[in-house]
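Here come two complexes built around subunit A, the first alongside subunit B, the second alongside subunit C.
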Partner chain A sequence: MKKYILRRVLGMVPTLAVISVLVFIVIQLPEGDIVTSTVGQLEATGVDMSDDRIESLRAQYYLDQPLPIQYLYWIGNFITGDMGFSYLYAQPVNELVWERLGYTLLISIGALLFTWLLALPIGIYSAVRQYSTADYAFTTVGLIGLATPNFLIALILMYLGYNWFGLSFGGLFSPEYINAPWSWARFTDLLAHLWIPVIVIGTSGMAITMRLMRANLLDELEKPYVTTARAKGVPPLKLLLKYPVRIAINPFISTIGLLLPTLISGEAIVAVVLNLPTTGPLLIQSLITQDMYLAGSLIMLLSVLTVIGMLLSDLLLAWVDPRIRYERT
Partner chain B sequence: MSELNELTPGQLAWLRFRRHKLAMVAGGVLIIFYLFAIFCEFISPYTPDQRNARAINAPPMDIRFFDADGQFHPRPFVYGWELNINEDTWMREYQEDTSTRYDIQFFSRGEPYEFWGLIPTERHLFTVDSESEGYIHWFGTDSLGRDMFSRVLYGARVSLSIGILGVGLTLFLGVLLGGFAGYLGGVFDNVVQRITEVLQSIPTLPLWMALSAALPAAWSPLATYFGITIILSLFGWTTLARQVRGRFLAMREEDFVVAARLVGANDRRIIFRHMLPSFVSHIITTATLAVPAMILGETALSFLGIGLRAPVVSWGVLLQQAQNYQVIVMTPWLLLPGAFIVITVIAFNLLGDGLRDAADPYSSLSKT
Partner chain C sequence: MSANNLVSINNLTVEFKTELGSVTALKDVSFDLPRNCITAVVGESGSGKSVTSNSIMRLLPDSAQTSGEIILYPQKSEPISITSLAEKDPRLRSLRGGLVSMVFQEPMTALSPVHRIGDQVAEAVLCHREVSKEAAWSEAASMLEQVGLTDVQQKMRMYPFEFSGGMRQRVIIAMALICHPQLLICDEPTTALDVTIQAEILVLIKSLQQKLQNSVLFITHDLGVVAQVADRVVVMYDGQVLEVGDVKQILKNPQHPYTCHLLASMPGAERRTTKESKQKNWAAGAALGGGTALATAEDGRQVREFVR
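Presenting the complex of A and B:
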């Protein structure tokens, strides 16, 4: 097992390296760079920039170096934890992203748990009561959830919330807690706001999880051992939960890795609508204003998060299912 | 059973597909939507940028056959709006003015336009009499007094075509790369596999966002349209490539392929003549199921303001108006394009399900 973990962790390195090159290329794509835009802004306010100053600015950000060298500086700093400076917020990127990344992670994991807590039991029910009215109803609801863009669900929830309850959604905290230090009251306030984005993002994965669980379990229920157990008089519920469900649930551990990019993508856009203090709105802001250090760091961090999530799901799967870790050693 | 033996595989598939009632309905809905998209200039009563200063943020109108006195009119009509400014809130409030009845006329003259940019005409499927200064806004109007129904139709053209075009590109990349990876194996397979893994482990939306933000703002609407399509397909081919590769790997060892090779067929002939036809139905199914992802992607990017931009009209661009919540509470009909997105995506999913069953030669027909 140790050997397997080590191999998987080392396997992450080339993946992340390729991703980092990709991200670097992407943030280089827009015309001009941070210096041209800074100079443009300064000159617009009447500050005259001499060529010397521009050159020294360029040198400060290694922009006078060829691209591969620039990349090495960027990724080298990134690894040592220096993510550069955000012009938009006039702050080091480090100070900006961590808290937001935490909220992103919190919401994404919350959405994953929500999806599973609701979709797995529904999937089990649909399989056991195949072709019942409830089975069709759940399938329909799941399909609608799959087909509705996340941001539209958020918009509709906001509309209904206002119309029915006179509530205004949005944000993760009530105004009085936004800048308050952490306290019990602030924590409960967070929980009171958290469920909305969690539900909104969770619905998108619901249909797939439900359908998969239903199909897996249906396959399993047909097998002879189930018939045998039933013939021997094992109580139906105990039989269901102890054997077929356990086997049918296995594949879901491996889908964490596939769901994570979806969840993080979903979070990015819902956060804009619901005005959440997470990475999504920051990323859009930085992209629109071409604050490329910030944008690059954010995409890189989100990718790292996803790759780690995939690693964890692989390890979990290897732990649950011994065949996997012996297969390739 | 005996007459089934005389049918071609295509006829059998059609029979299987027809059993799928939901898929049939979904197919019908999609055909109607695509017809809307193709003929949007003609079907919409107005051009997308035409403004009606007398109906700004006006709610959807009811199309009626019975007037306020309960009298039946064979020709459908709408009532005009009576605008009141609420003295307390200074908001526009519209009330139906039952004294102004606008009859709907078919194939009538309205705003001139060029059909498909080629044929100048002023005929619309339906309008109301413009001499009496009437107007018809079936889905209401936006904050500039533009007709939402017309804009939804014009948006359909962009949003629906981006889905098809993007999937076409995805198919090309996926089949090409996945096919060669599966057939050739070895180094090429390894490289494609690694690329696929890397691309699948990046959250797509942030990357899409970064790429579309990098599209120069000076580009023409058409160039941006193709740019966005390419960006959407650039990361979408991986799933398809994986499936095609898996199929190829399995099929490479099948008897008929080995036989073809022994007879001396070259690689190209084996791939295109023997292997491809046997899973073309599978590819079609996957493609159908991939269209919604493209449509949703375009919508999300345009909604965020980094995809397609006005003056281009797409469903995502239309929804951008409804981004904040005062707007939704005041003018909820601006969310209507969203309903079209949802229906389209559901329809594609159902159609894909039906196609999958129809394409499976082993699913039996004899059950019914």
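Presenting the complex of A and C:
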């Protein structure tokens, strides 16, 4: 198993190298660069830039070097943990990204737990009581949830929250806590705001999780090993959870890894609507403004997380399913 | 009646409700399973063999409607009317795997793919007796040795997909016998196995029965297998019992035309078949589908006769 993991990790290196070249090409594609847009903006406000200033700015960002050298500077710094400087926010990219990534992680995990804690038991119930009234009711509600755009749910919740409770749900903190240091009060304030994005984002995955769990479990309930366990005298609830549910749930466990890339790109619209300090809006902004280091770093992080997520998925699946585990060792 | 019989099946009729109307799987089936005896139920596919055995275990799907009665006479306790037990009755759970247990046709799929062998066998003990997990595992180990597995400690930590078909069937037999059931139902236990393994499993079932002195209900369509293991034979066709009797009587001197037909359909049957029974075969072909009635023959056997 250790050998397998090592082999997979080494296999990630060439993949990421190729991706990094592609990312670099993509962020170079648009006309102009940071310096031209800086100069343009400064000149629009009436500041006259001398050619010497412009040249020194270019040199600062290595823009006077040929492209392959620029690439090496960029990726070299990225690997050593320096993701460059965001012109747009006038901050190092490192400072911008990590805190947002933390909040994104918090919201994503919250949404995942919300989805699973509700959708998996409902899926199990729907399979065991197939074609019952409750089965149809859950399916209907789930499909409505799937068909409603997330940002709409977000808007409705914000409206209801404001009308009924007089609360403003935008953001993750009340205004007085946004820049405050961490304290118990700030933490509870975060929890008071967190549930809205968790529900909004969680609802989108609800229907699909419910239906998949139902379908998987219906397949497993028919299998002979279930009859064997019944014939052995295993009590009904224990039987259900230990055998068919245990096997039907495997595919879900393996999708945890695939959630990693959505940490950066996912739910950007909801984040914009709810004014969440997550990475989604950051990525959109950076792409619009050609903030090269910020955009490049985010896309590169996205790729790294995708590749790691794939590995994690495979490892989780091997962990829960001995059949896969033994093929690979 | 209860002195010699472990199970009596009386007028058992099972219907399945389907979208296209109801299908009758068993029509008025009655026979007894004596104690300490291997009874084989033979018949072609769809004759109702498995429905009969699943009725004893109460493993029929919800769409099944049962009438008639199955009564179990356990050695040391009160008789149980299996057909009238509620699904939640604790007696039903102690029956399944405790008093009556089952060996299935498909050893490749009858074990859970993600649980260890030891866990699955020991679970049967834990379901029926208040013992520690360690005690259950050591009991499972000795049972697995009895069914002919070696290196048991190591094998108990393995998964079913690491086992061959024959080994899996041994595991299932161990799982079925670990709580010393008074009735072991074997539903075509050798059909999915190759011929040499088949013979080994049959010998195993027979020798374990002699050792444990329990009753075995052996379901098969293979008369060769019947000759090897059975003491008594029940011949079924189209959900009805055609003939019940001692294995030697039935194989040597079948009374019912359908039984003759079955015997003659075996490869190599020509040598054994007399002219007379060949004629009976032809009669059988013509007679099947007519009205029938159970009659008692001169030697005490019950034979269903066709009324034309």
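Everything that follows uses one rule, which is that the second predicted complex is superposed on the first by the 305 of 329 C-alpha atoms of A that agree within 3 Å, B and C clash if a C-alpha of one lies under 4 Å from a C-alpha of the other, contacts with A are read in each partner's own complex, and residues count from 1 in each chain.
Basically, contacts are C-beta pairs under 8 Å (C-beta built on N, C-alpha and C of every residue); 3 or more make two chains touch, one makes a residue touch a chain.
Small disclaimer: the values here were computed from a predicted structure and weren't measured.
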Contacts of A:Arg230 with subunit B and subunit C, given as first, second, both or neither: second
Touch count on subunit A, higher of subunit B and subunit C: B
Which superposed partner A:Ile299 touches (first subunit B, second subunit C, both, neither): first
Which of subunit B and subunit C A:Thr15 touches, first, second, both or neither: first
Touched partner set for A:Leu221, first subunit B, second subunit C, both or neither: neither
Partner chain in contact with A:Ala318 - subunit B first, subunit C second, else both or neither: neither
Partner chain(s) touched by A:Thr148 [first = subunit B, second = subunit C, both, neither]: first
Subunit C-facing residues of subunit A, complex: 223-225, 227-235, 242-243, 246-247, 320-323, 326
Of subunit C, residues touching subunit A in the complex: 57, 59, 93-98, 101-102, 104, 106, 109-115, 123-124, 127-128, 159, 161-162, 172, 175
Residues of subunit B defined as touching subunit A within the complex: 194, 197-198, 200-207, 209-211, 213-214, 216, 292, 296, 299-300, 303-306, 319, 322-323, 325, 328-329, 332, 335, 338, 341-343, 345-346, 349-350
Residues on subunit A engaged by subunit B in the complex (per definition of touch): 14-15, 18-19, 22-23, 26-27, 29-31, 143-144, 146-152, 155-156, 158-159, 162-163, 168-170, 257-258, 260-262, 264-266, 268-269, 272-273, 283-284, 287-288, 290, 295, 298-299, 302-303, 306-307, 310
